[in-house]
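Each of the next two complexes has chain A plus one more chain, namely chain B in the first and chain C in the second.
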Partner chain A sequence: MQDLLSFLISLLFRPCIFIPLIFPGLTVIFIMLLMIIWLERKIAAKVQLRYGPLYVFKPLGGVIQTVADLLKDLFQEPIIPKTVDKIAFLLTPIMLFGLAYLPTVVIPVSPTFYAFRSDLSLLLLLTLTTLAPIFTVLMGWASNNKFSLIGGLREGYLVISYEIPMFLSALSMAVLYGSLDLVDIAEAQKGIWGLFLNPVAGISMLVLIYMSTGKFPFEIPEAESEIVAGAYTEYSGIMYGLVMGASYVKLYVLSLVYAILFLGGWNPLPASMMDNPLLPGAMLFAKAFILIAIGVFLRAVYPRFRIDQAMNIGWKMALPFSILAIFISLGIVTITGGM
Partner chain B sequence: MSLWSNPITMIFLLSSTLSIIAAIFIVYHKSIVYSAFFLSMLGVGNAILFALLGFPIISLFHLSVYVGAAVTFILFSVAMLKEAPSVEPPIKALAVLSVIILTIILIKVLSPFSAEPSFFLNYRELTSLLVTKYWFALIVAAMALMTALIGAITIARREV
Partner chain C sequence: MSLEERELEVLIGPQHPASGHMRMIAKIDGDIVVELRPNIGYVHRSVEKLAEAKKFLQIIPLVERPSLADTTANNLAYVMALEKLLGLEAPPRAQYLRTLLAEINRIHSHLYGLGIHGVMIGSSTAYMWCFGDREPFIELAQELTGARLSYSYIIPGGVRRELPSRFTEKVEKALRYMENRMKDYFNLYLNNPVTRARLEGVGVLSKEDAIRLGVAGPNLRASGVPYDVRKVEPYAAYPDIDFDIITEKVGDAFARVMVRVKEIQESIRIIRQVLKKMPEGPILHEKYIKAISPKMREYMKETGEVKFPGIFANLRIPAGEAISRVEGGRGEVIFHIISDGKMSPYRMRMVTPSFRNVILFEHLNRGVRVADIPAIYGSLDYFPPEADR
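And now, the complex of A and B:
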């Protein structure tokens, strides 16, 4: 019995199981979702001089309010309207959440602890994040509802605006460090973090991350005051939980990538602490969590852009800045002879 | 190791089956939105085939350009249109015949080649090859893309 237990524990700590299932995979995603939605409501409440969620477990400021909300969502009857396209309507939330979660398998936790290492891992990660918007557009069509369709199309417009500059900003860091391998990129930032070497790429990537995940001021595809909940309007119960969770998961994944590309990943931990994956993992998670918290804080302080303003920002500001970022990287590489 | 227990062979069979089924559905599904979705499935299948051939970088670009970008654009356009009634030209027998002939020809032509990757394409080698040996083609391609970009901006600004 003891042998079996120790075997199961050792199996759990193998990178190919630990990373997709525990960190940065499902378990941490689940806890992070519950925490971040509570934090979002709490921060917005503080800014607007309210209490926010408070009554479920008062001593800790209502922190398990989101657990109660989740239980409500789980046991709510999922309503499927008669006019929707049933297969697409039911399949898209699952695909959307699955594709938002999929890139976590590529993310390394420490220099020696990763499920998958390739000299193209950054490119693979960026590619996997481009697949999810297909399902938001499909969701808008399948719901057979004007608000949903407009929400889906707005998502399409945003994709056109953010995808290319985001790729360019991320790849400018690959140019700077001469590698597309996330482990190499994080290891190269032992001294100076990428954000300080190439701040233009850092700032444009951060703005584009919030744009791609529909956070304020770019919460255009699901603008409540205009189009109810955008592509998610017709969803209820656990399916609504899945589609709402997907955008937070995408924010989490992109924040982890940002932490690796610009904030040094698991650095500045000393090499002696790298043997156990928990400490570097905690460092990486802390950095990503701060970025997510900034993202949800923006909800409280910014108004929403119109779709044409968001497209202008994407094409007229982010694209030139990301091209500039590539030139800055090339300049640094030319001067220093490679990082 | 037998042919069936080789994971590469299994992945090849699964992805090629996925590609063929997706291609059939693209043509035969009555809804164009579903056809666009199956186009993305075809793209995924083809990307896996490229990766199996030893070209992971082409596979990733295929995935991001033909699935991530192109299918989003197609879905984006067709979702706004009304479903058009499909018109089927009465040439089914001819189509089946041409598929059979093409299959036979492909089997004859391709049978001496194996499915094993002949070499692994490293992106560093690829880029150095592009800028040293094929630099002129690269410049021409860049200029063509630049012209397309300028054209797109001109149309978007409605100055013509």
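And now, the complex of A and C:
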């Protein structure tokens, strides 16, 4: 019995199981989702001089409100309009959520703890995150609703304007550290974090992360007062829960990447603590969580941009800045002779 | 491909989070609005026809209903028309109390408009703040009149209630609170770069067009036309009050917002003056006070609440026509009453500012982007029930 238990625990702590299922995978994703949606509403409420979620488990300020919402979503009738393209309509939420979650398997938790190590892991991760918007566009077409169509198109326009500068910003860090391997990149930041070496890349990447996940002021594809809920207009019940969750999961994944690229990943923990995945994992999670919290806080500060203004920011500001970031990286590499 | 095939017709409303009780039929080409037609009438309640079957005093609450955020203007304009027909004028103290309520109402009506506009361009904070900050003023009005929104405070010959005790201090507290909050509004919302980007240069209404289209209220003044009924044709206590007409030059959505913001500050100034200059005296015309029984007159003195004289129940208005104009929060309210000497008006015409401003939907939304539709809609402070009546 004892043996079985310890075997199970050791099995659980094997990277190829721990990473997809616990951290940064499913378990933590769900906890994060519940926490961050509650936190978003609570922060906004604080700024707006109201209470926010309160009555579901009052001692902790309504912290499990999201669980109640999830239960409600689960038991709500999922309405499928007659005129939609059924297969696409039903599959896209699942694909969206799955694709948002998939990149987590590439993320290393400590220098020795990763599901798999590849010298192209950064590239692989970025590629996986770009697949999801295709399904948002598909969702807009499949819903057979004009607001959904406009929402899907807006997502499409936004994708092409944020994706290139975001890749360039991320790759400028790869240039800086001479590697596309996330473990190498994080390990190279033992001294100075990437954000301080190349702040231009850091800032433009952060803004683009919020843009790509539809956080304010870039909440354009689902602008409520303009196009109801964009591509998500026709969804209800748990399917809506999935599509809404997907954008948070994407934010979470990109925040983890950002923490590894710019905030030193699991550093500054000493090497002696790296054997167990929990401490470096917690470190990584804390950094990512702060980024997510900043992202949801912006809701209370900004109205939303118009689509053409957001595209201007992508093409006319973020793109030159990210090209500049590459040159900064090249400059640093030339001066120091490689990190 | 011809242009017509490129266009997509989008029906915005009436089941839409930001359409209000109306429908906008938008023809869009890509992200550009080719044409937008407002489809009004969803909340038509035939106030004018109903009035023909109601007694004169019963019409007071009726005319308030269409524009719930700005009831005093309708109330005042209607009663002023009645008073013109009756040939009497309210005593000075009643005039000041009317002005006081009108300005309190203007502040919370403007906050309502600003809040709705805020959420239309995505700032939920502006929405919550504005609606939260209406509360002190609604509370003030409640203390003065007994109701939160539909006051029915102004009656022929005067007002319904005396100033409550220690009201001046409470008003001063609310005004100071609002002045402090204004700084927050500027810091977070009005000077927010995103707000500016969304509103500046959007939906520009030129001075000539504003006059030609007969636009009313803050929307007219934002285009640089200094027209305010309070100055042009002073009524109530406005002749004695020192205040400025707020105008902006640009005429875009941001100018319309700024006119409202500055009018709130101007209203604060007016309220302070009104409370300072408030004369002593009765709050009801002596003709009606005489009609009240002595016992009830005693009660009136004690509580400050007017007991309606018996003649109000079947108030007969002398035959004739009267037009009255009032500057409400959203603009100029006009009442035209034709009486044939019976207990109900022969015909009552009610021209509301929203009805006059609805033309702007079509005029301003030509060639703008889809996201500008709510930005322009909100900046007009358009209220569908008020336009439909």
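We adopt the following convention: the second predicted complex is superposed on the first by the 339 of 339 C-alpha atoms of A that agree within 3 Å, B and C clash if a C-alpha of one lies under 4 Å from a C-alpha of the other, contacts with A are read in each partner's own complex, and residues count from 1 in each chain.
FYI, a contact is a pair of C-beta atoms (placed from the backbone, for glycine too) under 8 Å apart; a residue touches a chain by one contact, two chains touch by 3 or more.
Computed from a predicted structure; not experimentally measured.
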With the two complexes overlaid on their shared chain, look at chain A and say whether chain B and chain C clash or fit. fit
Scan A:Leu124 for contacts with chain B and chain C and give back first, second, both or neither. first
For A:Val159, using the defined touch cut-off, is the partner it touches chain B, chain C, both, or neither? Pick first, second, both or neither. first
Just chain B (first), just chain C (second), both, or neither: which does A:Gly140 touch? first
Determine, under the contact definition given at the top, whether A:Ala44 touches first (chain B), second (chain C), both, or neither. second
When the two structures are overlaid on chain A, which partner does A:Ala293 contact: first (chain B), second (chain C), both, or neither? neither
Would you check which partner chain A:Leu324 touches, where first means chain B only, second means chain C only, and both and neither mean what they say? neither
Check whether A:Val56 is in contact with chain B, with chain C, with both or with neither, and answer first, second, both or neither. neither
State the minimum pairwise Cα distance, in Å, between chain B and chain C in the overlaid complexes. 9
Do chain B and chain C touch any of the same residues on chain A, and if so, which? 149
In the complex of these two chains, what residues of chain A are touching chain B? 85, 88, 118-120, 123-124, 126-127, 130-131, 133-134, 137-138, 140-141, 149, 152-153, 156, 159-160, 163, 167, 180
Residues of chain B that touch chain A when the two form their complex: 31, 33-34, 37, 40, 56-57, 60, 63-64, 67-69, 71-73, 75-76, 79-80, 122-123
In the complex, the residues of chain C that touch chain A are 8, 10-11, 16-18, 31, 118-126, 128-129, 132, 188-189, 192, 194-195, 197-198, 369-374
Residues on chain A engaged by chain C in the complex (per definition of touch): 44, 47-50, 146-147, 149-150, 216-217, 219-220, 223-228, 299-309
